[in-house]
Amino acid sequence: MVEEIKKVIKGEILEKSPQRIIIKVKNDSFSSTLNALKGLSFKRLTLFTAVDFVKDNQFELVALVYSNENKILAIVKTRIPKENPEIETITNIYPNAFKYEVELGEMFGIKVIGNPDSMKPFLLEGWEDLPPLRKDFDSIKYATEHYEARNVEVKYD
Amino acid sequence: MELQETLEEGYVEILDHLRKRSLWMLHYCTACGAVELPPTITSRFDAERFGIAPFVTSRQSDILLVTGYINIKTLKRLVTVYEQMLPPKYVIGFGSCTINGGIYWDSYAVVKRLDLYLPVDVYIAGCMPTPMAVLEGFRTLMKLIDEGKANGWRKYIENYDYYKANQRKVLKW
Amino acid sequence: MNFSLLMILLTPIFGGLLAYAGSALHKAVRNIFFLIFLILPFFELYQYANKTIDNFYYLTVLGQSLSLGINALSFMLSLLFSLIFLLAYIFLLFEFDKSEDSDLAILEFSFLEGAVFGVLFARDILSFFIFFEIIALIIFFLIGKGYEESHNAQLKYITWALIGANSMLAAVVFLFFKAGSFGYAEISGYLSTAPTPIVLITFVLFVIGFLIEASIMPLHVWAPITYAEAPDSVSVLLSSVVKKVGLYLFTIFVFSIFGLNLFSKIMPRVFEAPLIMYVLQWIGALTIIIGTFVAIVQEDAKKILAWSSIAQSGYILLGLSLGTPLGVAGGLLHIVNHSIFKGILFFVVGGVIYRTGTKNLSELGGLIKKMPISFISMLLAIIATAGIPPLNGFVSKYLIYEALIQNKEPLLLTIALLGGTGSFMYVYRLIHSIFLGQLPKKYEGVKEVPILMQVPMLVLSLLALLFGVLPGIPMYFVSKAEAFLGFDPIKYTLTGFPEQPGLHALNVPIISAALMGGFVVAALIFYLLPKTRSVHQLDNYYAGEILTEDVKYNYSFGFYSFFDDIIKPFNEWSIDRIYENFVGFVKTVGDYIRRIYTGNLETYVSLGIIILTIFSLIYIIGGVLW
Amino acid sequence: MIKEYELNIGPNHPGIHGNFSVHLKLEGDTIVEAKGNSGYLHRAFEKLMEQRTYLQNLALIPRICVPEPDINEAVYSMAIEELMGVEIPERAKFIRTIVLEAARVNALLFHFGGTAAMLGNYTVNYWAVADRDLMLDIFLKLSGARVYHMYIWPGGVRRDTYPGFEDDVLGFVKYMKDRLIEYDNLFFKNPMFMHRAKGLAKITKETALQMGVTGPNLKATGVKVDVRKDEPYAAYPYLDFDIPVLDDGDAWAREIQRRLELELSLNLIEQAVKKMPKGDVWKKMPNPFKWVIPEGEAYARVESSRGEYGFYFVSDGTDKPYRVSVRGVSMPHMYPLAEELLVGQKLSDAPFILETLDICPPEIDR
Amino acid sequence: MVEKLVLILTPIFAFFVGIFLEGFKRKMVARIHRRYGPPLHQPLLDIIKLLSKKENISHGVMFDLGPVIFVGASILTVLFLPLPHFKQLTPYGDLIAFLYIMVIGSLGMALGAGESGNPNASIGIARALTLMLGYELPLIIAGNTLVVRYGTTDLYKFMTLQSGFNWNLFLLPLTAIAGFIATYGAMGEHPFDTVVAPQEVATGPMVEYGGKHLGLLMIGHAIQVYIETAFFTILFLGGASNIFTFILKQLGVIIVMTLFDTVFPRFRIENAVRYFWRWPTLIALLGLLIVYIGGK
């Protein structure tokens, strides 16, 4: 299988285990890679998410696609810069990516071009702060500032 | 109107005594604690023998069960629903999350104390409280009603500004 | 003073002409002029109470004297129709207040009333035919002043009116040549000895003409669109007057001219009625059930009323064609009652349209707080329509049901009762979609209709309540009319009916009193308890979500869509659809004869008249030869 | 002409399971547009996990999915074990299997109760939830908690079974098998249920594959995909079983599929209890308070009662996870599958259709 | 004098019998669910609780009047049902009038619920009326059969004519079955509970009602339970010779209904109507045919 993938996809391909293939591609060939993988029986998008690599000042987009026939999960990764993050939509390839893309916009501030609901609220209502899943957003600070806690004096005796 | 006054003064104790035997809780699974409500209601623990039954709309119900953590999106609905309910109405805080935020003390999406936003009559501690604990909570509420101490709804009217201010701070209304 | 019948007939026409002339001076002059002439007939009619006049000759045609007459039945109806004309006129003034046509409309209106009196008073087949066709023609013109689709409605109406006219004309001409006279009495005399086929053919031809006007299935095709698209005051007239004129003629012809005895002689009896009457009973029953079911799924306020009107005339036909004292009493009483409550409904809907500008139910809603008087009127009217005590619709339907039980016809009774339940569905839909539910934002400024416009509704509502609680009042007239038709009138009291063969005792005031007692008890419980607090309509259960103003949450479109699913299979081969297909076919043919098919209305009318003349000639010649 | 009106099912509505709402636009009785509205249960699990140590997270994760919490623990442990390269003891594998299957039985019973309630058959609802309680009692004895057990943890399970555990479990299995006949008679073979469910909201194989549907919803369309067979974990390789599959893809097939899986689970529990070896239940690992996981990434997945459930796990070599992304099963089932399935359906069927998809809102919100 | 006294006391009697039947039903359902169940007087406690609410909300005059009309009309309907040895108001109105009087209560409730403007309420009402059209057909045919058989429409006569063991249940089993199904539908038990189906329309017409409004509706409902069961008892179970047998027979009706109630999921509304128009109607027509041919 890996050989077949290597034929159609340009990028770093790593067979981690018999059922896991990691594919690292360039930003601009992300959707074409997924398209090609779909042709290679990777028909199901299992997960589409992002990781905030704050040290590299980059987002890593991760799409997990699965092949029912070969029972192989391909982890497709790409990196995009953190300033004005924008990606092309992949809903034309995997329709169920729609809400994952909305979530990317809400949780990371990644704008998805071609997705009409991108950057619209999905889980959060009236959120005005930084996108919460970014590493530079501090949840503890936000929670202590905004929500009053019960003052309980703990006595150890 | 005379009857009303008589009801208010003379028979209030009898009424409370009868009223506590019929408590309808709102069918609103606000959070994960709702998973222990079906066992409470259904055949094994059978809350209906105390006159406790789930009811559908806010107008019909007496008890608002806040079953666990309160997301701010949910809090907005909770306040709306609570204000739609008809007094006397009671709020039961269910699980530790309603008391002090519980395990979600550091979450940006969850408020920590329910009693800042709604007047709570009874808390049921635990994560999550077992049906036995839930029934004990209901029994406590019944006792409070019988003694005329379950006055959360009066507190809400008297301290309306306080509650509204707290709500506004969180909900950006 | 002593007025002749001709004068009653001409009073409104004079009034109309004077008013038309007076409109040159001032509108108010015209209005008041005409109002006086509309009130005059009441006084003129007063002297004919308890009188039967049979032959007031007024004209001689073809060597035959044409005559007018009055009897208990036509007296009752002319009194009722005068009232409805008066109320409809008041309504019309507001409806046409901005229209250019109002003068002409009033003139036409006056001629209509005259013609209606003419039909009621006619004692020979030629005068009734002429007056009848005048009604059709004026209605044709009046419909044209209605809503967007009214030209289509005109076309449909005139087509069917011509079919009816042709069919009646054939019978008129034929009978004239056979009997040698136009007079009802002579015709009746001739028919009693005539051969069976002639009796049957003429009867069917006449009945087709009447039932088209009464919009009985399967001759109803014109009615829904015409009722819906005509101006509101004209819809009232269509439903409460013109339809009843058709049913009046039916009654007169069946019981007075042809006579049940004649039918019994020439055909077998089924379920204690002559065969042809039994067929008519079934036609009535089918009209009830189909009309009701179609009314349930309508989306247009006036279409609901139109179909409801069709269904209710089914009740009347069913009652009349039972041919028993009970049934005829029920049918006649329902003529009166239906005119009253359907009048209210059309007036209220007209008022709503006057204020909101739409008759589309899905756009209305929540007007109860804005138009309380209209709401109460409609509430009474729908209770009457559904035949629920203590309003007037109940008593007449009750008589019809009891008559069916007496005749031992469980199937027809089932259909009639089911139609009652069905009518409950569509009237609720009507009142819910207009007055209950969410008030759309754009109607927040809507006001109650002007006081003068409320008068028609309120007068009729009071009548509906009065006739409902004290059914003895209308029964006084009905039993006389029944006696005139040759039946033993049923026993009645002011409060209802005593126990008598075939009729269980009924006492509406006791029902009302018990109902009131129940209300008082419930209201005591209710109002002694803690007070209620009014909330805004947006403070509503929305499954925990928060309602905002821009949400349209009102359930009004497709109110009975699940019912629609049930009856959809039957819709496929409905009469209307067959007719539509036929029209489609005709239109295709019409493409080939484009020279005639100009799409211009006058062409059709003139064409119709030409065809009518040709047909008449053929009939006359044919009649002579035969 | 305005034809549409708007109606909400949820959050405060018996027609919805959990705190979740579906915003409907209807024409008469027919749905023309359905939009899910999530977020009422959003607690930011993914953020919270980044703030806590690995052991602290163990207490947090079961709460992601309420009706079937054990899968979270299993997935979490499997991801960490994969990153650390740990192989767990045999007995732990079997105990894990029993616990996971028992949790599946629980979730399915809960689900059947919900389905029956959506159709108005409260008897089945009351019975199913009460029967589920019997298993919860065993969990209470085993782990000390009824709902959130925190029993499976990295390296195996927290402690060994109590004496008599086997008998308890086998007793439950026997009882459930008897009860299943009653459920069949009362509900699954009920003509009214067949009438309501047959042919309703049919999903074709192609749509299901394209939308990323997994679990019983997919198996009911005839696709034999199951993590237990495709990528065996815990003790599944040692057990002898076959995945049931149906072809219809409608609401009825989805329910019957679940019912068959319930039977399968009972069989698996029986097998696992009988084959369970003796030995350790926890691979000795360093001090749990100071766990440090090597840098890397892993995707661990299990077959939950609703479908494939997984964690995408990124570690940067510290004592806290760098990023955990939860693959909630219900996400593709709700968005966009349910939204599209509901269009054209009657309002009366909407709650039932949602229920047959077995949507668990906390998985979507997280 | 005694008759008038009985007439005045009947609604109260009906209310308490209704409460008893409802309470019994809840207890029985609980036992089928394998649980203990609420006390027998639980419906009464619920009503007291609702009536003693400190504040109530209203969406308008009709919203308030709806429950009032419902209770008032229910009281009226009770008066038109004969009791053993007491004709009540039956000399002033017969079966046909009774059928229409029964509708007044539904009308009141429909109007009240309609004014709340809640779509759930409106859908519930639309369903209720459609369902009514469904079950009325077999009910009417069954009623007609009796009318044809006995040649009267008087409810009291129906009762006296069946005295002894000449119950219509035994004499006209088909008609009785159809009448039972129709009454069952009128009671809104499963599978015909689409009107209030909480999962679909959130209790339908009652959605906005709470407090004393709902209390009144529950009072009315209790009376309605009495009416439906008494109606069936009078028509098919031979009425009764004393009041205790009467209640016992009503209880029997409730017990049989509950047995069906607990095992069925609910119909969709259109299927419910189709069902009513198919099987019960056919059975009723068959019964009618038998009476028409044989029993004249």
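We call the chains A, B, C, D and E, going by the order they appear; numbering starts again at 1 in every chain.
FYI, a residue touches a chain if its C-beta (ideal position, glycine included) is under 8 Å from a C-beta of that chain, and two chains touch if they have at least 3 such contacts.
Per UniProt, the chains are A = NADH-quinone oxidoreductase subunit C; B = NADH-quinone oxidoreductase subunit B; E = Proton-conducting membrane transporter.
Here the structure is a predicted model, which is why all the values come from computation and not from measurement.
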| item | value |
| --- | --- |
| Touching both chain B and chain C (chains) | D, E |
| Where chain C and chain D overlap in contact partners, by chain label | B, E |
| Chain hops separating chain E from chain A, counting only touching neighbours | 2 |
| Centre-most chain, if every chain is reduced to its averaged C-alpha atoms | E |
| Chain whose mean Cα position lies farthest from chain B | C |
| Longest centre-to-centre distance from chain E, chain (CA-based) | A |
| Whole-Å separation of chain centres (CA-atom averages), chain A against chain B | 40 |
| Whole-Å separation of chain centres (CA-atom averages), chain C against chain E | 36 |
| Centre-to-centre distance between chain E and chain D (centres being mean Cα positions), rounded to whole Å | 43 |
| Contacts with two or more other chains, residues of chain C listed in rising order | 529-530, 539, 541-545, 553-556, 559, 562 |
| Per-residue multi-chain contacts in chain A, two or more chains | 124-125, 132, 137, 139-140 |
| Sequence positions of chain E contacting 2 or more other chains | 33-35, 53-57, 119-120, 123, 198, 202, 207-208, 211, 268-269 |
| Chains grouped in pairs wherever the two touch, ordered by label | A-B, A-D, B-C, B-D, B-E, C-D, C-E, D-E |
| Interfacial residue positions of chain B with respect to chain C in the complex | 1, 3-4, 28, 57-59, 76-77, 80-81, 84 |
| Interface residues, chain D side, partner chain B - complex | 11-14, 17-19, 39-44, 47-48, 51, 59-60, 63, 66-67, 110, 113, 125-127, 129-130, 132-133, 136, 146-148, 362, 365 |
| Chain C residues within the chain B interface of the complex | 528-530, 539, 541, 544-546 |
| Sites on chain C touched by chain D in the complex | 299, 360, 362-363, 542-545, 551-559, 561-562, 564 |
| Residue ranges of chain D touching chain E (in the complex, touch as defined) | 5-7, 13-15, 29, 116-123, 126-127, 130, 186-187, 190, 192-193, 195-196, 346-352 |
